[in-house]
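Here it is, the structure in full.
Naming follows writing order (A, B, C and D), and every chain is counted from residue 1.
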């Protein structure tokens, strides 16, 4: 453990991912939150907006950055990160962890001369540790990639890959809208953007980075009647045995702190409110079925951002993100 | 049954109560919907907005009234009904059933010379049948009043009355807001307007109309994690036996089509999606506990409005509102 | 409308499908319920078990059949229907509508010399009308088949078919178990029986009956955090245009009372508490995506059983099952 | 921090409170779980039953105690704790923390000569620290008492106290039953044991221990459609100002680690998955309204048990129970 604390700034601090960062970082022993920027909540106490944090912090939201930070988390949403870097003079030595999709596929920001590394620690830990700028993966991308990467790496799929992934209402952001109205979403379900979800580009690029062979991915994403979590099933044909495949996965994730292979069936709430990703593997006839689950706000966003920070600052993985599951 | 159909117009037809009216009236054998007015959805097909009605109607929303109607339902919300009557030339012979609170307590509209009757059929059936204008009761008021009226009428409470009533998210209207965001409301609960809910005036006035004796009502209203329904408990001290009290209630509601006394414990879903109000009576030590449940959008709004229409047009009570409960 | 009422008996009357039958048949103008058999609730009043039916019936559960009925609905669950027919002397003239899977695939009961017709009215209306014994389709089978039959009939799929279907907790029956414990199921999701659901046989047989060509069906079924309904997506490759396909579906379901093609996106609650099946068709690149939704207890069980009864007794389709959706 | 770890045993380790203890204690830096006793799951790996704990422990359930422990948590349910102490030879030096109600009101166990202290740290911290046996408070009792104790201590209520408290499905235990069937509980609500809840004795006894003056408590407890948490409102008449009362509460809870006075309105999810109790105070006319919320399984059971253990072993309060809220 380092004695000097990491000075942290959070931009877009009053949304779902921003506030989860605050919740987690307030208990991170190596971190000191220097500022939480939220233009819409400027000057309000954090605890006025987030009652659950009462007595844990005296900070108020601000509308300007403090340049004395070691790392800035950008949580303002898509397109807003580029805009933010364009409009703010961020010190060259300050690290950036961007939770938007702005730098996941186009990873260079010319004006600031910053190059972003795709922050999926399970494949990029080494470069992340040496990097200054991280493009934190999307939530669907994280759940799907962690389920598929070992298969793709070891050429296990022998045909198209079919993916179904269902997310909770926090995936749709904090601003109330029709698809997050309780009267609509309660007890309901729909797909959205079938076969065309915006994370597909990031998923395809990442899979290509582990194996040049291309696979057709057929992805349907769904909105589910729950708040948190992504439940993902992927399947494809393979002549490999389940033992061979399980062996590949176990080896691949051997040193992973947060990704675990479960021989038992898994459900969404096994990981809700944690930074874990659980994976279950099953062979039925000629089909391999991979089930992967994460909490979209933790491993799919703020928890993974902290995991990346820990790696960048040479801190043990679990620090600050060793969380109790909600389970019931 | 009349051979000529009642020509109906609905104002504010794309909100929760307006659209429930459409759903119900499309299956009402004596009704013909002439217009469904919704300025925000002008010219859109009703079935474009409400997929569940597909193939049941060809109507489109309009932005002007058709004066050839026999009755207009006003569903635009509080203060909007007065505004609507001020700004529209409604024929003198057209009946009005207002679902807002505009005429519940101040029941005269000077400009149009219209006097409104409080449309709680269980106490006002006779005047409703002769009336031209109805102030349809509030949802909380309906659940609470149906539970309390016989007690108050027969002087059963011997001290203050304590009421807790919890409502679903449809009670908060169709426009998405913080308190109806799924991420917030799911698995959550809060009170709102404790001891000061706006329906208290209407409740007090109505109770006074059945018995001049005044009671202190202590009402806490809550927001619950469900879409539909109001679950209400009222209690007070009384030396009367449970048999005496049950007898009073059974007699009072003997001819009621929709209010039923249940000797078994009741739950919210006993009435969801129906026009029923179930009441359970229990004595524990010196306390009388009255539980009453309704569907806030049906018996608490649109169903009761149709019940009033049926009475005004001399149609059998159940017609159009004899509905299957959701129960599971 | 016939003047003489159909005399009905229900076996397994206290489960989910049995009690939904009671709810629906009590309001069916052409039906008289003669008995509701439930051994576990013998002699209890129906309204003691189902509070929502208070004042709608005086019937009590019995433990023996009354042979004076015109039709018996069997709702006791799988394997129990064969057992029931084996152990009871049912009059030869009494019709049977079986809601279990006992006669869906093996449709002849030797001892009683009864032959069962697969009761999916959208393809078998004519034989149903002349039949004495109906094997009512499974809930998943109904949702999936109604979505796929026109495609299969008109040779639209040009490769394997991929199906995801998620069901509510009522699909798991009324006896409490781990997978229906609220603490587990609330906000949760899992698959079950992936690629091996027991309805696959019935689905394959039925598809073969409309087109001899065989398709590979890849079906994953899921448990969802809601009470009622099945939401189903099916997709496959096709070079047909969406206009051609939509035309096929519209023509196929032209005279269908309950199956509707929606050009708008559909969600589960569009049909919950109704006998409808809504279908949405969409082409994305080379994929055809078919979304179909039903209420598992109504169109997937008791409502469809009544639809079959209506056809067998030459009654208009909608009678008794023209229901208001819950929608919110 | 001590260097020698506390050796812990858990009896009834596979239920809700037992397994929450395991989850929490696995991350407690000062604790070593020696055994987790569950007769029904004897020899099964803990992670086979609780997938969320995968890779966190190698322990299996056992059916006998290991007498080499420093403290035993009893989580087997009411009446089972007495039975357990009767039937097992527990070393005299071993501390017992009992989560059942067996010793809350009758606090002496003759055979073992053990005297139990009521483990509500906010009033009994000092005796707890010196005690060997703790009767861990009930979940409703905790929520209600923490809301009322300062009022009662400082003679604030001037009339009867009215309490409404609603609990989630985990309050009903892990064995599936009718009232925890998802199909019933989803979107539903009912009271149970109105005015007669078994925690009333414990609440009354505890209030009397802080102030001899007796108050009438009118308590209605409800079952709510959520998994975790208790939301409690208490009100009474008082001439004291809200400022005076708030001052009392702030002073009373000044050194409390987990009880916080919130000037903002609170909701249930502010505390779910944490050991906190939030309290909001409000005066409306002559009524004081106290809202208090806890997680029934954490502050209402396993978290509070660990808080008591921390006190007994002279460990800082927060250790092992400084938890992130679920909030969304």
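By definition in this document, a contact is a pair of C-beta atoms (placed from the backbone, for glycine too) under 8 Å apart; a residue touches a chain by one contact, two chains touch by 3 or more.
Since we're looking at a predicted model, the values are computed, not measured.
Colleague: Consider the two chain pairs B-C and C-D; indicate the one with the greater count of contacting C-beta pairs.
Modeller: B-C
Colleague: Centre-to-centre on C-alpha atoms, which chain is most distant from chain C?
Modeller: D
Colleague: Please work out the Cα centroid separation of chain B and chain D, and write it as a whole number of Å.
Modeller: Here the centre of chain D sits 41 Å away from the centre of chain B.
Colleague: Would you kindly tell me how far, in whole Å, the mean C-alpha position of chain C lies from that of chain B?
Modeller: 34
Colleague: Cα centroid separation between chain C and chain D, in whole Å?
Modeller: So the centre of chain C lies 46 Å away from the centre of chain D.
Colleague: Would you give the residues of chain A that are in contact with at least 2 other chains, written as numbers and ranges?
Modeller: Those would be 16, 168-170, 183, 186-187, 225-228, 265-267, 269, 272, 328.
Colleague: Which residues of chain B touch chain D once you look at their complex with the stated criterion?
Modeller: Listed in rising order, the residues are 162, 164, 166, 168, 183-184, 187-191, 194-196, 218, 220, 224-229, 231, 233, 235, 265-269, 272, 282, 284-285, 287, 289, 291, 328.
Colleague: Report the residues of chain D in contact with chain C in the complex, numbered from low to high.
Modeller: 16, 168-170, 174, 176-178, 180-183, 185-187, 225-227
Colleague: Show which residues of chain A lie in contact with chain D when the two form their complex.
Modeller: Chain A reaches chain D through residues 16, 19, 23-24, 27, 48, 50-52, 54-55, 169-170, 186-187, 227-228, 260, 262, 264-267, 269-274, 276, 278, 297, 322-328.
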